[in-house]
Amino acid sequence: MNAATKTSTIRGRALSTDVWETLKKNRAAFVATLLLAVMSVMVVVAPILSPYAFDATDFDRISVGPSLSTLHLFGTDALGRDLFVRTMYGGRISLMVGLVATAVSLVIGIAWGATAGFIGGRSDHVMMRIVDVLYAMPFMFFVILLMVFFGRSIVLIFVAIGAINWLDMARIVRGQTLSLKEKEFVEAARAGGVSNVKIVLHHIVPNLLGVVAVYVTLTIPQVILVESFLSFLGLGVQEPMTSWGALVNEGAQEMETAPWMLIFPGAFLATTLFCLNFIGDGLRDALDPRDRSN
Amino acid sequence: MPARVTNRLRLVFVAAAAMLSGGCGAPDSGQTMRNTPVGGASGTELAAEQILTKNNGAEPQTLDPHRAEGVPASNILRDLFEGLVSEAPDGRLIPGAAEAWQISDDGTVYTFTLRVDGRWSNGDPVTAADFEYGFRRSVDPATLSQYSSILFPIVNAEQIVKGELPPDQLGVTALDDRTLEIRLIGPTPYFLGLLTHSTTYAVHPLSVEEFGARFVRAGHLVGNGAYILDEWVVQSHIRLLRNQNYWDDEHTVIDEVNYLPIENQDAMLRRYRADELDFTQDLPFKQIAWIREHIADQLYISPYLGSYYYSLNLTLPPFAGMPKLRRALALAIDREVLTEKITGSGEIPAYSWTPRVTGYTQQPPAWAGWTQAERNTEAQRLYKVSGYSADNPLTLQFLYNTSENHKRIALAIASMWKQVLGVETKLLNQEWKVFLETRKQKTMPGVARNGWIGDYNDAYTFTQLLASDNEQNDSGFANDEYDALLDAASAEPDMQKRAALMEAAERLMLEAQPIIPIYFYVSKHLIKPWVGGFEANIMDHHYTKNFYILKH
Amino acid sequence: MLRFALKRVLGAIPTLLVLIALAFFLIKAAPGGPFDTDRRLPPEIEANLQAAYNLDEPLYRQFGLYLGGLLKGDFGPSFQYRDYTVTELIAAGFPVSLRLGGLAMLLAFVVGVAVGTVAALKQNAFTDHAAMAAAMIGISVPNFVMAPLLVLVFAVTLKWLPAGGLGDWRNFVLPVVALALPQIAYIARLTRGSMIEVLRADFIRTARAQGLPQRAVIIRHALKPALLPVISYLGPATAAIITGSVVIEQIFGVPGLGRFFVQGALNRDYTLVMGVVVFYGVLIVVFNLIVDLVYGWLDPRVQYQ
């Protein structure tokens, strides 16, 4: 077991340095990573600097444009609430939805795909048939139903959206596992009497990290978009809490009268999606398994 | 004058001559409450193409007049059919398919005389038997009407709807081809107003029997209104063309009217601005400032027969047995700020329940005349008296259904309660059907959004809602005295005494504050400058036959 | 190949059954029913309506009745659009969604593949980043922002195109573009990725070494294999897009199928929701089959077993 742990950590480190080097070379992805980091810190820290609470209404300053003198940096919304603080709070929710829902799909997807791929045979066949069946489901429709039944629970948004995305993950992971299984180091571990569970956990999964990383950066923006679509339908987070999707939806309704209500949250949302997609592509280039194996 | 005038019957209403006065030349027969600016004295010039495109807010569930419910269907059915009674552009009742009627002294027997020239769109004459057929079909359980309960004032209607009697026992009888008698179980002053509702329309018996449920399809539908159904593409449009057989077709100007089911109000406004709509139903709150700035001359706002209010759940804490707390919450809402800054489209602040309806005096409480500062002081006092304070704040659940407008109002009011009283409000936004279920069950304590649009222009449609046995009574308000006053009112033939009874009931109810009135609805339309013939009315009923398109 | 297709279709039956059962019991589990409105019905009227639509039967019997109807090709009457059957509604809405979605997919395919190929050829150069950045606007701006923007610019302000509704080809331009934008981004990215890979493959190197011009190498040799992942993406994506997009339909007032999913669920229009769900399931199966067949054509190594 010690040996196995060591191998995986070493491999992991090697992988991450490798990725970091390649990413640095890909300037676009590098800039995107920095930008994303700055925004993430901002949504957590920045609200503290503002004198306004995210849910405090001000009926004397309804839909007021951005101004330095009032400290409403992004202006106010239709209830006189400070848009800067709300954009930051919305960012917390959107990024959290992105991360947690992706994590949910990741856990299910890796477990399912790695198991199917590693065991192979009939089990693999059955498990992948289940994935096929689920592929035919109109998942957006089920998410809507769930939101309708159980109300605006943020946990539910995480789980529901996460549950949609694990299918792709499972397929990708299974494919990778199938090929990894034949690799020498797995054979070696097996010959050394390591148990199947440990082989999966310590040898297969760490080697999937590259593919998974790419998948994650591409899933997070999708998930954030799904949340914004739910907000468009009025099924997003419960007010007075908000998300970028909800803010952008409100802003879109007033894009002519109060453009700041769309521009600021919209810019944050779009930049985040943009950055994540760029990083994803950069990572894919960097980690292309066939490329690496060459 | 109809022949059947006896001394037992008193002529209440003879055609329109009296109402017409300002009109347009001597009306020959009964009705001519018409748009007459057509090439008339005003010197307006009509456009060559008389096509009107209206937004209708949603797709109608059905165009079967007896099964229909809701505003979208009613709007179209008013063009396709004509009830015994119709409405003038300003909302006054005028003769429709009937040219005159008489009401017995005790107010329970109505005798209608149908007009001689009434025709179905296929040319058949409209007979009293057609109306008899229509009324019976409406209450027949097999028709699956959802609205037949508004016919309960008619003799045996309730029993037939409930399946206890056959439909032919209904108190509606065709005495001859042109005479229809309707017997009521009690004096019902608003009954004539009910006759503009689609459940009372006649349908063409032969086509209903030939096509069954599909008789409402384009090509099958035979109506007696000013328009016929030409094309119906679900979720796209419903197109009507003028009915050449309509008795008053010579006064119809619009040749074609399109009803679009656009639900998304922002999309609706964009299409209006792109000149793809001539007439809109309702407006997005958020765009009202833009509209006022850019197209104020096309904006028409007028009082509408509806109350927007909050139901307080009286069956559970914190509101059970706490009238002072309920009053405190009612006082702490600044309705001026709310209607000016949040809804902003002319809604009328409401301190009492029944809107301004004909023959009824509104009953605002004394505090309606106070300043908001005075109200807030009193609210704080009552809040304290009820045992709450800054250290021990009231925590409230606040239920509303998914909608941008309801959300904004709920947030604003929650923040007023917070600012004035320190109430902690937990908002709960539910999807429409779940919301209806939750509100009906009364299992969730606290506040629930509510609204009521009157069925007819009479205070009773509002007062009856808070009767202890009313299914719509979402507060669970139960007061014997209130119920007794209501019963007395519905048995009272004298209109003034009846109004006084209902007014007393409302005062009694408001004293207990089971509901918090917020504002009275207004109807809101955007109408292109080239559309003529629109007149606002409290029911917001509009007949395309009164419209015309100016040259532009 | 015919046997392969037949086998796949038969194999899809259990999938569809699971789908039907899941959707049926889920929607029935939702609180509220099709006849609930803010105007409450007297209990007798409500009971009468329930009975007329078999809603008073136990759930398993309702399911049985539904399956029975389905076998006869009867989707039942709609609860919301009471003058229509579900079959009629789908028959009316599908051609619209098909045309809209088909055109959007075509546009997305052409533009996406072009952008992706160009980007791949100039990997990591300025052109690559610029092209991909432009494409990615489509997935960085939600379509409920993009669509109203397009309308405001091209319909309200410039008055070049209609703001919505059905009509001639002009009515289709804005919704098709709005629908295609995100797809362009996905397809461009897939094409770029696989094209980069293919360009490194030996047979391309050989072709280049033989002195074939770039254009010929790309079109004759690289494009076909590079399109494989795009094709497998196109299958489910096309099925999804031709069953309608609720956002686009709402904003442009297009009478497609998309709103039936959402509105049907919200209205508790049980039969309509079931109808579109079944329809969608069948389409997915069909499109996956088509993808497999196209795959075989693009990649001769694939064998139909």
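To keep things simple, chains are lettered A, B and C as they appear, and every chain counts its residues starting from 1.
In this text, contacts are C-beta pairs under 8 Å (C-beta built on N, C-alpha and C of every residue); 3 or more make two chains touch, one makes a residue touch a chain.
Source: prediction; values computed, not measured.
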Taking each chain's C-alpha mean as its centre, the one farthest from chain B: A
Pair exhibiting more inter-chain C-beta contacts, A-B or A-C: A-C
Averaged-CA centre spacing for the pair chain C and chain B, given as whole angstrom: 40
Separation of mean Cα positions, chain B and chain A [Å, integer]: 49
Separation of mean Cα positions, chain C and chain A [Å, integer]: 23
Chain A, residues touching no fewer than two other chains: 148-149, 252, 256
Contacts with 2+ other chains: residues of chain B: 266, 431, 433-434
Touching two or more other chains - residue numbers and ranges from chain C: 30-31, 148, 152, 266
Chain B-facing residues of chain C, complex: 30-33, 35-42, 44-45, 48-49, 52, 80-84, 89, 92-93, 148, 151-152, 155-156, 159, 162-166, 249-255, 259, 266-268
Contacting residues of chain A [partner chain C, same complex]: 26, 28, 132-133, 135-138, 140-142, 144-145, 148-149, 221, 225, 228-229, 232-233, 245, 248-249, 251-252, 255-256, 262, 266, 269-271, 273-274, 277-278, 281, 284-285, 288, 290-291, 294
Complex interface listing, chain B residues touching chain C: 59, 61-64, 67, 69-70, 141, 144-146, 148-149, 161-163, 213-214, 216-217, 233-237, 260, 262-264, 266-267, 270-271, 273-274, 276, 431-434, 436-438, 440, 451, 471-472
Interface residues, chain B side, partner chain A - complex: 266, 284, 286-287, 289-290, 337, 341-342, 402-404, 407-408, 410-412, 415, 427-431, 433-434
Interface residues, chain A side, partner chain B - complex: 55-57, 59, 62-63, 78-79, 147-149, 151-152, 234-235, 238-240, 250, 252-254, 256-257
